[in-house]
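Alright, structures below, take your time with them.
Each of the next two complexes has chain A plus one other chain: chain B in the first, chain C in the second.
Moving on, here comes the complex of A and B:
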């Protein structure tokens, strides 16, 4: 799912390549190829990789949670911001959800709503400070991160004896740990290789995809990320859009925190401790620009899948901690570099094609890489 | 060679389709079933999974290897790649099970979450033990927990410190992760010992969260001594890195502080010999791995069952002073033998 600023639509319409060819030129295609190659290689060397309940389902659970983490970063990256407080925001939102279950006995849906609202509130506060003061999002969210890292464990120590909310409402285990094997239609049941937790992630991706590709607000967010001054001159309320993306980021961080708590079993202050790196790696591998104006939702899913697949493969081979970290770094570096080489080669091909006769169909929305010309674009 | 890889890849892809598609119709894991004859444990693959890399767990490697040799286990794997993250630890455990592990001893990263992991493994027929730390709360979903009683060890260490201080003065407690329930038990153990002095000993606020690594601990101890070193009469450390850092700092500062540390890092033992450190409370990680592997193998093989599933067993803690610094390991080995006998004679019912 892609969209871009159409101010040059008439020109690109005459030079637009086929949909397939355009897709083949995206980072998503490259990621899909890499993922398939890795699955085949790991599966060939370690057939236990295809164990449904002990490998595939846990892998899909991790992918589901970290994709939401990546999307939480993606929404702020759409306006060229970043959120360094995603982990603590996840812990904050999850804390409110856990509190709702343990202290107030709320049902699952109500606790989730409370947790998401808490995430929204803290995200909105970050956005409001950024919009009002003009201080860089890096600084504001870093400060917010420190504040929450102090606040969350303190609240847990006030309200609990073991630094955790352990009460589980009905349905929490279903979301966090059940698989489609528990869902049956007559005698036919689903597979235990696919966990239920993929559902909220798919719904979240669909909602964000709709927001960025089908709504005016989505387009305005990308325009703000592309050029904030131009967006303001176009009548877009950029301050409100900045508050909106940070609020959304807080909601998504809280959702990721809730999903992690549901999968591990309790609500603790440690939730989100591993979120920050993955929140950047997923979107960036998927093609989302740090500078804003271009996002890729499916790319984020694929980026997260690649990194977790690499880790899972190394887990299966029983690689030691030092080797595991070195290999993870090297493989990710190769993946990022290979994508860059691919883009450079594409650019050179186009440069050569530019001197070819006018019937050439080499027109491309990415003349120097995905969104590098700062057109507003989304891939969902 | 290339063709072989391609054939293997094609076979793997086909297997994948069948495995994923049919997995709903198959048992989740059959690797946990009893294997071998009553005395044959060669089909048992034990894994020992700490919460992450930490010097405390390194003796698990020795204990596991020794158990493999002594009891004829199929394999004993030590995997420390969990990175102190519960979801990563779950991934590591799942991968081990997929690779054929049928008995696992785990130091759960999150004491409030690890019961969920144990319950999942139990439902798949995997024998589980909680090693070096028990789950939080009153329930232990593992077959047994073999761990230092952290509250008792901290109480013993604090009593020894107070005795070395002459029963009065100012005491500081250095410890690890504040949100860990074991840390809370240690804090309670120290406070109990202080309370028994009826006000003769006062305690400064606990210094927590400094067991992440040695550098963090060294900085915290240096700051503490710089700010309040002259007022402090005793330091009790119930975490590994702060103990090593405090031993170095107290020796270097020359302050008349009585230090009781934890564990038996060579630095600490040398400082006890030199008189710079008054005592240390050592634990029994080798015994946890050795006896834990033995019991897990017996349980996974079906030879034995736990009389009281979920029972908590103290793996022992030992006060080491200048008097017994050369001989304390004998005491620990004796405790390990007693533990094995306790499992065989009292805690398990065997065929």
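Moving on, here comes the complex of A and C:
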């Protein structure tokens, strides 16, 4: 956001310290370096890693799905809340989509809309309870999670025999399983290493990026996350904003559930079982603050990419799923400590600046450590 | 030097990244003396206190306790060395009881268990020293802000201290409670303790302190001088670094025939107000004076929809209005509220100056798809940065990095940006230094001259007498009377105090603990 620097007021004409330097200090840069290093190492040891249709494409498919999962958590994190029910909400949304295909024979788009609306409904319910009662989002969404974990399999067992909706409308496999190799302009076709499923994820990222950087509501969400009392007293309708983020979180969870179902080919109650841990790992590794007020959407993509890359790498080396989970736990712990560490650093810089004599705006700007910079702006 | 100083700091320096907070500071505290530590915001007072109490370590310099060099590495060590402190920020645990908070630093124990009887008796002993009649079992969150402050002081008395540091202890308590505090300070002096007293209030300093050290820009520019040898103006000059002309109250002309823009007519609220009536005209500054707990802030909140009006009528520009939220107050009635709790409710510490100012105008700036132009909000915020003379390195800077006075200006700027016509300003200069205070007064007058109707809430009588055009006096959740301001401090304070007392006499005292002379 270089446009931010242009400023007509003479007093504030001091330029913000180098954009490149600031980027180098973000977790995003660190993640990119790690990802590149991992790709090089894994590729060098296991050349089979670069197999387009069998390794890269499935990896990109998971990254696409889990990035949406991460974004579902990110939107509630923007106001300092959390959603522990993302997995069950994904299952709930996917169930409605599958139901509309199987029982009502709806076309693809209509089923997707029904699924997303179902996700929106449960999300809105969580948000409404939180805003209305003031109970911590942790508790409300935990309860919501239990309720849905009970409800979803029950509905499946009522309505299906094999506990799955398997009817596929036209186009479902294109979204879930096809690659760009099926898209041809004349005789030039896309690569078979990139699945079509990246498209909905990229669109989602773009919409959220626009929301948080360019719109009034996005700004108001971040302000609410920074200080809910000040937000309320500045005229931001915080209750409505809280309901909004939980609704949005429900929609994104349902989208992720739908994408996962599309990629596996069936709608089952088990969808979303692995979502919860990943939903936190991605945003936090990427620099989104648990406490609210700062989000990073590209960071979420990078965080998810890193964890899935590690998983894929270990998979190639034949390491078992248990080890993978241990590793994921460790990564989350590190990410959470990093979150805490950055907060402390911000406080320090703040404390240091608070003792600065009031009128030293002269030449040199206040020392703004990377930690302090990080929170004030959103990256798309 | 015949007797060593109780605590002496020699040539203390401390740097934070890019900032020299303290530069060769000396401080010498004699036993049996109340030593004032003065300086503007950001002069380094709090840093000095934090070094003396082990929160920060100095880069250079030494500390001597009763003539012996000491190194204080942590707050615990400071306590063991006999240095007690009451910090500026609240440091209590709200869910715990008064007694637990007082003895927290060293819980009396019986074996592995807490000795509750000792907790109570120790807490009572400390409270008794303050003549404070509080049950140690009372939960903290039932206390008023002033009572919490007194409990913090009681905590400073818990451990055996030879040096007690009080960092702005009277910023949020009433004069009655302050008097109580000063009786304790006098007693501690008689016991031969050294007391450091940080305050922005010159009256208090001159009335109660023996010696003074003044910090300016991290240097000790006046060191351990007898206060009796100096006048108030001299101290202010040293603090500010130049002579400030005496504050001129401008001639303000208010059109008394103009229709009031804001009227309360016999208003009772769900927050406990009864029959409150007042009116503010455009261009007028109506002061709302009262003791802490008189219900002034609550009245402001009720007007903003954060409490319900149960009886009577709120009229804005002559029309009865029902306000349910701050947004409604702003968008439908152009009412803004500058809160007294700047850090908790006024600003967003982790957000940029631009966003802090633009927060109230996004709804007007927003175009299709909710788009808000970054340049647009920046230009708008920049305008108020210039207009209010907010000192920043750049608009990207986080508000948490600004000094208190500049934060307060940011908190005000957002309401000006929103083009409010009625502004409720709550305690605008709490914790703000002399120089910034004056620029704030000028600013408030200017806003009123531009036609804003201002409802000014303040507990500082001098400020009230300087700023307001009329003063409405509140006591126990009702307005007991309104006086035209003559700007004559003595006469005004008498009539205002009289109004507070009439109010008290007329209403039977409810349970709340409160002293009345």
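In this section, the second predicted complex is superposed on the first by the 308 of 380 C-alpha atoms of A that agree within 3 Å, B and C clash if a C-alpha of one lies under 4 Å from a C-alpha of the other, contacts with A are read in each partner's own complex, and residues count from 1 in each chain.
Definition applied: contacts are C-beta pairs under 8 Å (C-beta built on N, C-alpha and C of every residue); 3 or more make two chains touch, one makes a residue touch a chain.
Keep in mind that what you see is a predicted model, and the values were worked out from it rather than measured.
Asks: With the two structures laid over each other on chain A, which partner does A:157 touch: chain B (first), chain C (second), both, or neither?
Replies: first
Asks: So, A:102: does it touch chain B (first), chain C (second), both, or neither?
Replies: Neither chain B nor chain C is touched by A:102.
Asks: Is A:312 in contact with chain B, with chain C, with both, or with neither (first, second, both, neither)?
Replies: In the superposition, A:312 contacts chain B only.
Asks: Does the superposition put A:296 against chain B (first), chain C (second), both, or neither?
Replies: Neither partner.
Asks: I'd like to know which partner A:278 touches here: chain B for first, chain C for second, both or neither.
Replies: neither
Asks: Looking at the overlay, what does A:235 touch: chain B (first), chain C (second), both, or neither?
Replies: second
Asks: Looking at chain A, which of its residues have contacts with both chain B and chain C?
Replies: Chain A residues touching both partners: none found.
Asks: Looking at the complex, which residues from chain A come into contact with chain B?
Replies: Per the stated touch rule, the residues are 39-41, 43-56, 58-59, 62, 65, 153, 156-157, 161-164, 166, 177, 180-181, 189-193, 260, 263-266, 268-270, 273-274, 311-312, 315-316, 318-321, 324.
Asks: Show which residues of chain C lie in contact with chain A when the two form their complex.
Replies: 16-19, 21, 40-44, 46-47, 217-218, 304, 325-327, 329-331, 337, 339, 344-352, 354-355, 358-360, 362-363, 365-366, 369-372, 374-375, 378-379, 382-383, 385-386, 389, 391-398, 400-403, 405-406, 414, 418, 436
Asks: Spell out the residues on chain B that touch chain A in their complex, using ranges where they run on.
Replies: Checking each residue of chain B against chain A gives 5, 8-9, 11-13, 15-16, 19-21, 23-24, 26, 28-29, 52-53, 77, 79-81, 83, 85-88, 90-92, 94-95, 97-100, 109-117, 120, 124, 136-137, 178-181, 184.
Asks: Mind pulling up the chain A residues that touch chain C in the complex?
Replies: 1, 3-16, 210-211, 214-220, 222-223, 226-227, 229-237, 293-294, 346, 348-359, 361, 364-369, 372-373, 375-377
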